[in-house]
Every structure is written in C-alpha cells, then in structure tokens.
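In the two assemblies presented below, chain A is common to both, partnered first by chain B and then by chain C.
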Partner chain A sequence: MSSPYAVYSSPQIPQKTFEVDPQNPRYQTTNGKTTGPSDYVLNAGQIDRDKPSDPKMDPSNSEVPTYLSKLRMELTGVQDDINEFLTKQMEVAKNKRVKVDTPKQKAKELNEFGEEEIEEDEAY
Partner chain B sequence: MSNLHHTLEVKIPFKDNRLATTAQKVMATDPIIRPESFQVEYMVSEDDNGTLLAKFSAEDDRSLRVGVSSSLSSILTIIETMDELDSV
Partner chain C sequence: MVDLNTISPKNGRNYYIALGLEGSANKLGIGIVKHPIKSQLSSGDNSHQCDAQILSNIRDTYITPPGEGFLPRDTARHHRNWCVRLIKKALKEAGFNDPSNDIDVICFTKGPGMGAPLHSVAIIARTCSLLWDIPLVGVNHCIGHIEMGREITKAENPVVLYVSGGNTQVIAYSENRYRIFGETLDVAIGNCLDRFARTLKIPNHPSPGYNIEQLALKCQNKDKLIELPYTVKGMDLSMSGILAYIDSLAKDLFRGNKQNKLLFDKKTGKQKVTIEDLCYSLQENLFAMLIEITERAMAHVNSSTVLIVGGVGCNVRLQEMMAVMCHDRANGKVFATDDRFCIDNGAMIAQAGLLQFRMGDIVKDLKETIVTQKFRTDEVFVSWREK
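Entry: the complex of A and B
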C-alpha cells in the first residue's frame, strides 16, 4: 500500500516533507504522542474516554492489521511528526519576536525613565 | 488569501475513490472559524486513485498547527468509523 505523505512550506522553509517509515514503531500505533490528554492529567486520575481504538486485525490473518487500520496508524505517526515540527517552528518564531521586541522595549524604557536610569541598569 | 504563506499538503491514500470521496464530503461540511488566518481545501486526487488531498494554508505556524492537528484527528475518526462499519 502507499502511505500518507505531507509537504510543508513557509517563507522561512521552502520545503519540508513528512514520510512514513513502516519499520518505526511510531507508525505502528493508533495512540498519538501529541494528541489526547497529557501524562500529568492522566496521572491525576483522568480517564481518557476519547482514546482511539486499537487497530483491527484482518479476519483472514490475525497477524496483519486491516488496510484502514494500517492507514490510521501511519497517519497518527505523521500527525505526531507534523505537530512536533510545527511546535518547534512556533518556538523559533517566538524567539525571533523576543529579539525584535528587545530594542523597542529599550527605546520605550529610555522614553519613560530617561537615559541615566537605563545606564544604571546596564551596569548590572 | 494572500497572507496565508504557511502551507501543508497531506496525501491520504484510501483504499478506493468511494472512501476518499466520503471522507472529503464529511470534512468539507466543517465551517472554518477564522478564514482570514486559516484555510483548508479537500479534494480527491485525479492522478492518485483513492487518495484524499488536504491542502492547508495559514498566516503562521501556530494557526497551521491548531488547524491541521484538529483536521487530522477528525480524518482519523472517519477512518476508524469506516474500518468498523464499512467492511468492503
């Protein structure tokens, strides 16, 4: 069977592809790492009632999942890959914003408190 | 939408066109809550038989992550339902 496949693009990253590695356990489970309740919530006693069902096995061969179960497991892995990648990208964008904000913030402080006070701060 | 420069295209190979079209119809009914910052288009591929194509575009990675993950979770539920109830 062919597997799910994704391509990302942004002004910073022209192309990033997401592919399934059929041997990797990440693509052999219906339980995603980046979806569902966090470990913290689960450890606090929450029961995950929306948990995806386990893969369904082929009636003629109980060792092999059905086509749709295999597709579901692989897409779950791709969803995790995409979520982790985009979370990292969000972090990158956040750090950029902090850097851009800093000079503006300094200018604001200069206006509000005058130069003398800022010089004192910078000595620390 | 000219400012939606963060894009993701996902190909999901269903077994046949009937299942891919069913998933497309189910997904297309969901309204987009903030169309100015996130858009999605679902289509059944003409080149790849039985493949659902989801084309997402957003103004930033944050909007893309929220929209894509939510849509993929819905598609996973559709696949789970088909697997359970539609034994071809």
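Entry: the complex of A and C
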C-alpha cells in the first residue's frame, strides 16, 4: 500500500514534496499538532469534545491499524507538515512586505489610495 | 409545465432517496429524505406536496462557552471530526447498509454561510459521491429552509420570513425566483440576539436565542417596555444600532452605573430594570420590526399567508405576534415549524436538493461544487415551480 503525498509549487519554490516517514511518530497518530482546537477557545474554557477518534486496529492483529486508520494517521502527519510549511511561508511573505513598505512607498500608496477606489467602482 | 417525474429513481424503484449534508454555520446536520413517485407531480404547481418522509434528521451543534461566539476554524474542525459518525448514524437510522444502491442523490449546502465550515462539508459530500458513485447537487441554504417549510406546512405560496443567525429576509415567489422584498441592512436578527447573549454571558446551549426567549418569559414588567431604537426603512431594517444601545444598557446594569436614569431611580438609586426586562423589550422591539416589514410585503403581493423559517422562527413569541398581525388581515394564516426543521438541518438540504435533482439539475463537474459565502436567495432559478 502506497502512502499519500503532496506537492507544492510556487514561482519562488518550483517543487516541494511532502512525504510520509512511516517510522516517525508524527505519522502514527490521528491527533495532529496543528489540527487541534485553537488556543483562543481553549483559553475561553472550551472543553474539546470534537477530537478525532483513535485509530482502529485490525480485528485479527491488534498491533496493526486498519487500512483507513493508517491512511488517516498518515494524512494527519502530512497535514501538519503542510500547515507548518505554509505558516512559515506566510512569515516569509510578511517580512518581505515590511522591507518593501519604506516611508516613501507608503506615502505613494496613500496618495494613490483614492484613485484606486474610484477605478474599482467604475469596474462594477 | 413542471414535471417532477422525468428522472427515474435508481434500480427501478418507485421512490427517491436523498442524503442531505448541512454545515454552513455551527450546526452539522445529516438528513435522509424519501419522495414517493406521485402522479400529481407530473404537472401543476405541487412541489410543496411531495409526501416527503424524513427517514433520519440528525444534528450536532458546536457549542462555545458563555460569552464566546463560534470561530470558523474550530467550527470547521467540529464538522470534519463529526461528519463520518453522524453519516453512519443517519444511514443506520434510515435502515440503509448499502449507500451506493440505496441513495439517489447527495445534496450539500453550497452557500451562503461561513467559508471554512461550508468547505468541510463540501469535501465530505464530494468524498461520499466519489466513494459511492452517487450524483451531487449543490443547494442554496435559504432555498433549503423555504422548501422544507413549504413541504412540512403545505403552505402553497406564502410570503416567507426567513430569520436566522446569518440572514433576515422577507421573500415572495415570482416567476421562478424567490425574490427578496426586504432584508437587514447590517446584522441578522439571530446575530443580534446571539451577541446580546454574549454580553449577558448566558449559556450558548441549546442556543443563545432560546435562552433569551426564556429570560424574556420571566419579565415582570411587560407593561413597561424599555424604549429602543426602531429602525425600519421601507421593507428593510437595521439592527446594529439597537444592539449597540442595548449592549450599553446591559453593561451599565452590570457595572451598577447609577448615572443611568433609565436603569436606576434618580433619588433612591434603586434598580428599575432587570436583565429579563431587557430581553423582553429587545425581543418585542425586534419582532415588531419584522412583523411590520412582513405585513408590508404581504400587502405588496396581495398574500394572506406567512411562512416563518430559520432558527429564530421557532421563537414562540415571534409566531404569536405574527399570528396577531395575520388575524387582523382577512383570512390571514401563519405557518411555522418546530426546532427540528426551523433550525439548520440536513433534511431541508435533502428536500430542496431532491427537487433540483428531479428537475435534472445535478453537478456535472466537481468544479461546480466549490462553495460560496455569498449566495443570494434570488440567484437560484426555481425550476420546480410554475411561473
């Protein structure tokens, strides 16, 4: 049985593949690092009753998860990888924007702000 | 001419089965609806008399602690982690163990609603469709409410008041569209009530609006309404100002701000108004506005019946007030349903989706299953009704 994988590409990153490492505990759980409830609701006193169910084990061999449970665990790990990667990319994008936003640039943007609005209105 | 019998059910059966998946807000609903083939549906305007049977209609609500609303990310997570359990339960309740043979069509909410929860449910719908090889139908959430209300109450051509956490609209049917006669200019009525409930920090279980209704029932000063802004604009209305105002009153009450003469006696400083009074006045004020715009729409289209749908529609006080107004108009009548069908549910999506399916309207490419947060009621071509 092959494991799921994902491929990301963008103008800056031609190709990045996310693959399952069967030995890594990250791909052996249904409880992902990035797919839990948000900190905000936990701090507000939320009790998490929406957890994903634990993996089901094969009835004939309690050591081995069922096909679908194995897939779920591997996807949980890949999802974590993707989420962490995209969060990092967002940070990169944010830092780039800070560099571009020099005072001169900002003043220019402010001057053009009204004009842009009018253009948008006309488009409708 | 409308013929709802042109598409044959699966395996030569004499009935259709639809699975409905709803998750546009904090409720995940799974419903299974059965339509027998009826000769009366081969012509005429009878789409409100399908003899629909609800084989199962299960709902699980994402509830947050008092004072908190529901965030898209956590609501979507709720839907993702509960959907398989609920679908299994619904199938079992309906007595089905071979979905690919038993079900004719899978219907899901395409919009309007919160993006992330809608998206989660669309993924579930696509998965089931591919897994079981069953066609898909994307349903407008508002149309789901209207068609479920019509089927349950048998109201043929009512003015519809659609009141929920995300929508407030007065609707009437004309020439294959449910046309919006009036609507909120800012927040929805359910949102207004929910947010006031958050200010009061009352529980969100079973729903904030229900708890406000219960508090309002306990009001001891029903003859002394607290004056609130009354903001009807033609057939539209506005509620954000009312919310801001009553929020400030509640905060003054909690803080014990004796400067507020509306809440505390000028001389003695004694509290004149309770939380229950505020809830009562808020309900009376908001509902009076709804009744006014509904009556105006009824006068416009010369109709004497009203159908109330949406989560706020199960508020008994709203139904009472609407009945008084309708009674004053000749032969007026109010149609409403209880919480099983008023509050978001899967059966309503199955009902509207099955009507679409029977008119041959199915998803031909998975691209069409992309959900949309903005999807107005009048964008849908209602092929299952006569002009």
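The working rule: the second predicted complex is superposed on the first by the 94 of 124 C-alpha atoms of A that agree within 3 Å, B and C clash if a C-alpha of one lies under 4 Å from a C-alpha of the other, contacts with A are read in each partner's own complex, and residues count from 1 in each chain.
Everything below uses one rule, namely that a contact is a pair of C-beta atoms (placed from the backbone, for glycine too) under 8 Å apart; a residue touches a chain by one contact, two chains touch by 3 or more.
Keep in mind that this is a model prediction, so the values were computed, not measured.
**Q** Please work out whether A:40 is in contact with chain B alone, chain C alone, both, or neither, and reply first, second, both or neither.
**A** A:40 contacts chain C only, not chain B.
**Q** So, A:67: does it touch chain B (first), chain C (second), both, or neither?
**A** In the superposition, A:67 touches chain B alone.
**Q** I'd like to know which partner A:6 touches here: chain B for first, chain C for second, both or neither.
**A** Touch partner of A:6: chain B, not chain C.
**Q** Comparing chain B against chain C, which has contacts with more of the residues in chain A?
**A** B
**Q** Would you check which partner chain A:93 touches, where first means chain B only, second means chain C only, and both and neither mean what they say?
**A** Once the two structures are laid over each other on A, A:93 reaches chain B alone.
**Q** Would you check which partner chain A:51 touches, where first means chain B only, second means chain C only, and both and neither mean what they say?
**A** second
**Q** Residues on chain A in contact with chain B in one complex and with chain C in the other?
**A** After superposing on chain A, chain A residues 35, 52-53 contact both chain B and chain C.
**Q** Which positions of chain C touch chain A when the two form their complex?
**A** 62, 64-65, 67-68, 71, 73-74, 77-78, 81-82, 85
**Q** In the complex of these two chains, what residues of chain B are touching chain A?
**A** 5-15, 48, 51, 60-62, 64-65, 68-69, 72-73, 75-77, 79-80, 82-84
**Q** Touching residues of chain A toward chain B in the complex: what are they?
**A** Answer in residue numbers: 1-11, 30, 34-35, 52-53, 56, 66-69, 71-72, 75-76, 78-79, 82-83, 86-87, 89-90, 93.
**Q** Show me the residue ranges of chain A that touch chain C in the complex, using the header's touch definition.
**A** Touching chain C from chain A are residues 35-38, 40-41, 44-46, 50-53.
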